[in-house]
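Below: a set of structures, written as structure tokens.
Consider the two complexes below, in which chain A is the common component and chain B and chain C are the respective partners.
Take a look at the complex of A and B:
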């Protein structure tokens, strides 16, 4: 991707300066950056932070309230809720990121093709996107999981299949505003092929808007995976998925509220963090909203 | 010298709008000889740019070339496949656009963009193409080519961007360069420098230029032959010398009188009354007759053909030879 170390440094430098100006001008996204950093550190350092393995059963100590040895208490099987929440961060981030990546890889090329060629191609792709978007997202994802079977990877695929039209639509609109610009005409005037124009002229110009969109749709992907896991279609026990933990804790809500509460709090924190950063990025990259 | 390079015959390009058909180019014929500057002059909206885009076969939707032929060194460009045409663009015929601010890709350095065409047409490895780009950027007289090649378009001035654009378009040494109002958006001093540069490159590379402009000063200074367009048709073709010395068509005469050449302050500037006719529903007969002071009854009904009045000097007007 990077031709040499120098351009790599430049790219990371630009990324850092973007984050710095985000923190400087937008207090809310400053909070978001801290939250995301926290969750990321927890996810990466899970084996060191967790007290015990997430699947370690200890029936003697089941349904213990939070204490020093079990900060978030224990669940029905005596597993340490804190350790499970910590390992759950890996699953939430991993599945969320992967789902968004798939969404981008499906949505953006389709959007570029639709916007560039227009006409019938555009109509077919747009109609397909609208048809997908017409379903309530969770219901469609449920349907897809029903077809291909439950499991974390399948849930991820289902979510990607549900949300790609968002990326297609935004990319298509952006491309439509670009194709009539003279530099695309100039590119054709030097004999560039359609494929080259899409890859080298249009794609780089639609990346910024898609970065913002990806940050805004990452929490949606995380929430959807947890929702599907909560309903029993996603992660299967003993995977420490936050949604699954919510489902397991729901039946014990009256006698042991900590089992469902802590994963719930972490779902909120993660989604909030990405939403705040996404909003901040959008404000930063949209000159119309700048004061 | 007088070998034809490009022969446009009866070219018609129409735009199909919901309001009706706009006949932007309606039966235009002209030839461009090897190693000459051919000027296409006319008011805004008379079809100059569409003619140029038709030659490149880049007419934007909903426009369509509906008839005629464009012979380039004997082959009809309109009969080529899209892929064959792509190989002509940039390699044989290149085009410079009016607005250098918008003709460059904002996300790539200019060196990268200049290197693009040689990579497309000659499959040059990227390092060679880059060196060639730096070389070309120096050739269009941008100072410090090594440094400038690494700049993004937004750091450059309008003149430098247009120079980069020229570098991009001459990179494959095309035989024909179409310059669509290349100097309209830069100021006069830069304008002179750019034209000088273009003529210099033309001499060195032995290429022909189709210069599209509404600036008669530019035509007088740089052109060999010129065609005057009005409402999608050519009304007069001739050598630049003859057109300036002896304009035949009333429209050309009117245009030349509009030039504020004198330094004395006259009471009023000359102008041609009226505006360009509606392109959807042009007037019958000669399209210029509602604005023409010499118009007769015949002009209102019969369209004047383009006739050769003197050798190489054509005019479409009932005043002559009618």
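Take a look at the complex of A and C:
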């Protein structure tokens, strides 16, 4: 337990110093950190930043162009687009983080098992991953959504089930490069169980690379879940999901283009923030990593 | 592990046969899986088709006509038998053979995807290579910035914004549907811009990696002219993984058609798949997914073969499955 805690502390310490050097030396990542912080503040402070509740209908003021009282205009039901976009930050970040969490939770253990045991186990896990990965994610996710029904959480699960092979593939490669190193051989020699070796010796070593991957695949998760919401399989009205808002705005594009414009800008800002930080983290932690 | 014997060609033939066999299994498994999903999905396509006011008798009659009164496994066997004879079934919604439907729409999807793919290769790869050669300089930062921007953009939003700017404001192109060559421009751009970003990213990464290899250092040390080092040593090797990536992403691009064609009301395979899912038109869904599965398997094999042809270091026979 102690060794575990210690390595955990070491990892978080290393992570903090990584973020600091990232901000200091990489201008693009610095911009990314600012964007992520901005979106996070908006998400947390949504009730204070929003002008009104995201579902407040005001038919008298429908389809108003941007003005002082409605900075992003109003939608077809007279709801304030700005307030909806602000609340939408919670959904985008929440769904994105959860999806990546599930991806890590499924992908990393499989990667460690495949890399550690090798042989048949490895072949089966890798073949499964390759098959899932080769298939177009949107089509695969649509299949899963058809099975478990539409909805925000279901879409998130569908996306996670589509993207886990990335984490498995990279973790497996990392573990393969470690299994014959002295510290693993030593652990075997003193009679550590396979489970303990995987949990206490291998897992801490694959954390950094998976942090890079998680940062780079968070935007992918956000883009894919909003895409499915856009198609009508994800969030249902009146949820202020950015993808759903874009779908509602698409039908009003001619008379009220602001409805579709602003949620999209916020999707780009969020995805850009994580991509910039992810790229910087990769250059620092694992420059040879291909994603 | 490593088997010796035979020329590279025969090794490749053996490899391709094996991959094709595995591919055939996948190609059959995927629609089977989809079939199972459709059995489990709530809702009944016949009830959707008959409308809310249809009588019980009418629904029973329709079920008989479409063969849906039989047990699921019989339906599945029918479907499989038909597939082997090239018959992909009959659409509940469009009331015509699925093959006809797809045939009419395949062209429209190719019209969008092929130019987009070509553009992403012709523009994206040089951009990535230039960025890699000028690493850390202004031009690299500029290319990286623009690429990351497009990479972070949802395609459907890009499509809507292109519609808004070039269709509604400037009035240069029609915003949806098909009316002449001009209406293909915006959907192609919507496909191409993110694909250009993706291939520029990949090309840059691969080029940077190749530039640090020993054989490039050797080439410089030998005093070869920089043009020769970059073009015939570095670029040639960096292009291999880029080309392979293209084949691996081909099915993904077809997947993107679901969204882009829906945004632009483009009558291709993607929008057909979307509408068929919404209307539970299962024979059509099954057929399109089957085609995508075939395409995925073929692209994977082609990618491997091309990598082996271009790179003498890769020997396919070593890849035991």
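To be clear about the criterion, the second predicted complex is superposed on the first by the 270 of 291 C-alpha atoms of A that agree within 3 Å, B and C clash if a C-alpha of one lies under 4 Å from a C-alpha of the other, contacts with A are read in each partner's own complex, and residues count from 1 in each chain.
Convention: a contact is a pair of C-beta atoms (placed from the backbone, for glycine too) under 8 Å apart; a residue touches a chain by one contact, two chains touch by 3 or more.
Given the structure is predicted, the values throughout are model-derived calculations rather than measurements.
Q: Looking at the superposed three-chain arrangement on chain A, would you call chain B and chain C a clash or a fit?
A: They fit side by side.
Q: In this superposition, which partner touches a larger number of chain A residues, chain B or chain C?
A: For chain A, the partner with the higher number of touched residues is C.
Q: Quick check for you: in the superposed arrangement, does A:123 touch first (chain B), second (chain C), both or neither?
A: Touch partner of A:123: chain C, not chain B.
Q: Would you check which partner chain A:268 touches, where first means chain B only, second means chain C only, and both and neither mean what they say?
A: So A:268 only meets chain C here.
Q: Centred on chain A, what angle do chain B and chain C make, from Cα centres, as a multiple of 10°?
A: After fitting both complexes on chain A, the angle is 90 degrees.
Q: Does chain B (first) or chain C (second) touch A:182, or do both, or does neither?
A: first
Q: Going by the contact rule set out at the top, does A:33 touch chain B (first), chain C (second), both, or neither?
A: Touch partners of A:33: none, neither chain B nor chain C.
Q: How far apart, in Å, are the nearest Cα atoms of chain B and chain C after the overlay?
A: Shortest inter-chain C-alpha distance (chain B to chain C): 5 Å.
Q: Quick check on the output: what are the common chain A residues between the chain B footprint and the chain C footprint?
A: After superposing on chain A, no chain A residue contacts both chain B and chain C.
Q: Spell out the residues on chain B that touch chain A in their complex, using ranges where they run on.
A: The touching residues are 56, 58, 60-61, 86-91, 94-95, 97-99, 102-108, 116-117, 120-121, 165, 168-169, 171-172.
Q: Could you pull out which chain A residues touch chain C in their complex?
A: 28, 123, 127, 131, 134-139, 142-143, 146-147, 149, 219, 223, 226-227, 230-232, 243, 246, 249-250, 253-254, 257, 260-261, 263-264, 267-268, 271-272, 275-276, 279, 288, 290
Q: Chain A touches which residues of chain C in the complex?
A: Going by the criterion above, the answer is residues 26, 30, 33-34, 37-38, 40-42, 141, 144-145, 148-149, 151-157, 160-161, 163-164, 168, 175, 205, 209, 248, 251-252, 254-256, 258-259, 262-263, 273-274, 277-278, 289, 292-293, 296-297, 299-300, 321.
Q: In their shared complex, at which residues does chain A touch chain B?
A: 118, 180-183, 185-193, 196, 200-201, 204-205
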